[in-house]
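Presented sequentially are two complexes of subunit A, the first with subunit B as partner and the second with subunit C.
And now, the complex of A and B:
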């Protein structure tokens, strides 16, 4: 029983990070119908900027996260302006090639600027703690809390504010949104900014558990794509449910079947869900 | 309006670039491998000898690749700065020609072909067993020596006559590691090595020895550092089996995290750590203290070794890189000196058979002030014979044991 609880908790931590990355990915897809492969690069830069702000500027962990969020949001806007926007009328494959190009570019840039070393992000929340028989650390609790808070704030933003409503309007019906006077450029930039900021948060809260290194983006983005596909491309609730499903399947699969097969189990799940619901769990009920 | 917007974004881009550079801890300069051949004082022409290298210079293992290359570069620069070396009356300087293989065996093989065809090199370094095996398919036919940096004993046991294995073979550690951990902690071990071929081979060698000594393997899975972001799940499962000892390994930094997560989950036993990870690097990740490493047995860090050339090497490395060197840099450094000594002893720079035969003499001729490690010789298969040294952590301090010079 204790093992089950412990593993559910571990799965929840994993799932929380997947959710934060996947929401950014799914938002961009919802608006622009572009699978942004370069999202992992935003995650990577987010992790490094937080680390460097802490080390270089000596600021507190949370201040560093905010610096990183703003910077990555700006980079994401640039990405939209300089790459995706000029390509909006090009054949669909061009976006994807451009996105892969950006992955390579940012990977090389990060290696060049910060080197290939593994680096550790040390936060004030590294101490371990035992709650109800579950051994964990404050950082892991922080991961879950931050994910919950961010998801709630994001939902409020999308449902209750004018800008949020225009993002949803764009996702639901592009032409209709234009007709009622929504500025497509502004909404696209806004969406990229949110997605970048979410990637930065995800990287910043999960890095202290792992390490900061140039390949960190690849590992996460692969899982995030699975989450988005399970949940339905473009659906925020889908990303949340998908993230939880993947995180918990991974940890329980590793426990009760085998760690060596846990990816196989996760991908098997993906295939089953795709067979039953080819568009993902929440395909039509966008937002 | 449009030009204004474009200008705005370009300036934003510029500012971001500055921020990124300003945030970087240290501006790194890329070095050029091409060394100008110095003209010797006697006026005779100095020839350039190309030594090839293929290793991971990008991707997840890039850090490791760079470390191996640093050792080679330091040795090559020293040799060139002192005017090169003389073989059979002719002076040579070393030109290191490096290619990136992203840790992939097929790329390593392609790079080796390129180095041989374009630069006619007779010596190719590679720091991974996959690359070594890939090159061994054709190295005898194309007449080049593989300088293999891998502790995998298999690479020199396949009968390939043109392979030099540089680091100590890992299977020699297994018996003493097993005895130490069993005596100190108990007979139950959980296996959580890295999910690479090297990790699996290590585990396959350890398992029979552990069981032959009356021990039991209670958990047997592996960690994939290229896919997993969190090791808590697998560690929870391993510790649920109540092991006395954990067998872990992989690159130092993620291995350190695995160790820390085990301690966070309340594990108080010992660790056997594969030779790839370094105790000092693990401690550095964990904040510099050896407290969490209590009961670890592994290979000793280079910085704690004391041979004729160790201190000078460490000092030079520190001044150039601002950190401590790892054993991969040290072994690459001496291996190039040994190779040069072997060429001198063989009296040729291109007869690979003679050079292989002189490798043992080369190791014995290694000048004492270059002795970062003490190599007793080179065996008939081409394996270096370093002293068997081990280190364990007791009461928060590194204690060394093993063969003495």
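And now, the complex of A and C:
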């Protein structure tokens, strides 16, 4: 029983990170109908910027996260302006290829600037702690707390503010949004900025557990795709449910099936789901 | 002048060049080896071109199938002790079989979902190869894959012999591609690429056509993988990785997706660029990545597409200046043939 609880908790930590990455991906998909293959690159840069801000500037962990969020949001806006905006009327295959070009570029850039070594991110929350018989660390608790707070703030933003409402409106009906005078460019830039900032937070809170290295974006983006497809492309609640399903499945699978094959579980899950439901579990059938 | 420089003579010239190439570099094994490797990649990329360029379905599992071909040859020759030729044939058949099974499921998804599905299927193939140590040697890979067995008096010990062998397969692949592209099947694929709904309205069974295109595409990858295994003689799981498929895609896009000469031009350009940038090897993507992005934005049909539209432009200008009443229907017809 204790082992099960322990694994559920670990799954929750894993899932929290997946949720933050996947929400960014799903928001962008909702607006532009583009799966942003370069989202993993934003995650990668986010992790490194936090680490470098802490090491180079010597600022506190939370300050470093904020610096990283702002920088990655700006990079994401640039990405939208320079790459996705010119391609908005191109055939569906093009934006994916352009995104792959950016992935290759950012991977090379990171390894050029910061090297290929695995680096540890040491935070003030590394101590371990035992709650209700579950051995964990403050960092893992922090991951869950941050994810919950961010998701609640994001929901408030999307539901209660005008800018948030315009993002939802454009995701629901593009032409309708234009008719009521929503500025498509502003919404697209805003969405990319949010998506980048979320990727930066996710990387910053998971890096103290998982190390920082140039390939860290690859596997995360693949798993975020799994989450988004489970939850239905473009749906924020779907991404939350999908993230939890994936995190917990992986964590339980690693314990009860095989630790070696734990990455495979996620992808097999997706293959099975897409085999049965080609558009994902909770797809609304809009796209 | 223009009579000498027509397409047929161009093709003959390239063919003669490729046949004479080993004679010029007969003492430089390295150059021959790089060229042979490039030809193998071109075969795989032709497969990618049939599916992504002509049928419009971007499969990111292509490197996975390349690896399946390579590992089939590797396992069948080193572990089962089969003759190379039999192993190569089986490798292509195995790749096609797996491609058929995956294609049935994967092609139920469309556009973005298809790209994501195949990306993840490709990664799964990589993970399987990486983890299945008993069969594939895991991260250490397979070592000591034999060179092709001699056919009568023809032996394949020298790099020149390997070069001609691979060239033969390359010409065969090009021949098959040309036959497909100019056939009714090719036109059908184009119709699917341009609009799947419209193709269905015309009575085309898009499901079967996409599946056949997918299987043809992976068979090229399997063949290329099998040849790769016996040329390099060592294979590791990284040949199934995402970097590999992104590299293939880069060669195809920069050369010209949906064009017949694109795979050749893109691959040769990059392979030789990489040789000159060897000191820069680790950071080459710093330049290549943005090139890929820029090409897709500004020249979506790559170098070949850009040259074609340039030639079309001059042709129409020439006609206008000679005040011919012939409209530019001829040049648009050339373009629609996607040469």
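Quick note on the criterion: the second predicted complex is superposed on the first by the 265 of 287 C-alpha atoms of A that agree within 3 Å, B and C clash if a C-alpha of one lies under 4 Å from a C-alpha of the other, contacts with A are read in each partner's own complex, and residues count from 1 in each chain.
Definition applied: a residue touches a chain if its C-beta (ideal position, glycine included) is under 8 Å from a C-beta of that chain, and two chains touch if they have at least 3 such contacts.
These numbers come from a predicted model, not from an experiment.
Considering which of subunit B and subunit C touches more of subunit A, the answer is B. Within the superposed three-chain model, A:100 lies in touch with subunit C and out of touch with subunit B [touch as defined at top]. In the superposition on chain A, contact of A:137 is made with subunit B only, not with subunit C.
By the touch criterion defined above, A:220 lies against subunit B but remains apart from subunit C after alignment on the C-alpha atoms of chain A. Once the two complexes are overlaid on the shared chain, A:274 sits against subunit C while remaining clear of subunit B.
Legend: residue contacts after superposition of the two complexes on their common chain; A:108 is shown touching both subunit B and subunit C. Contact with both subunit B and subunit C is seen for A:260 once the two complexes are overlaid on the shared chain. In the superposition on chain A, contact of A:203 is made with neither subunit B nor subunit C.
Residue contacts after overlaying the shared chain place A:167 against neither subunit B nor subunit C. Shared-chain residue A:87: touches subunit C; no touch with subunit B. Looking at subunit A, you'll find residues 107-109, 111-112, 222, 260, 263 touch subunit B in one structure and subunit C in the other.
Put simply, subunit C touches subunit A in their complex at residues 52, 56, 58, 105, 108-113, 115-117, 119-121, 123-124, 127-128, 131, 242, 246, 249-250, 253, 282-286, 288-294, 296-297, 300. Within the complex formed with subunit B, the residues of subunit A that make contact are 3, 6-7, 10-11, 13-14, 17, 48-49, 52-53, 55-57, 71, 74-75, 78, 81-82, 107-109, 111-118, 120, 122, 128, 135, 137, 140, 206, 209-211, 213-216, 219-220, 222, 250-251, 254-255, 258-260, 262-263.
Residues of subunit B touching subunit A in their complex: 9, 12-13, 16, 19-25, 28, 58-60, 62-63, 66, 195, 221-223, 226-230, 232-234, 236-237, 240, 251-254, 257, 264-266, 285, 287. On the subunit A side of its complex with subunit C, the touching residues are 29, 33-35, 83, 86-87, 90-94, 96-98, 100-109, 111-112, 218, 222, 225-226, 229, 233, 260-261, 263-264, 267-268, 270-271, 274-275, 278-280.
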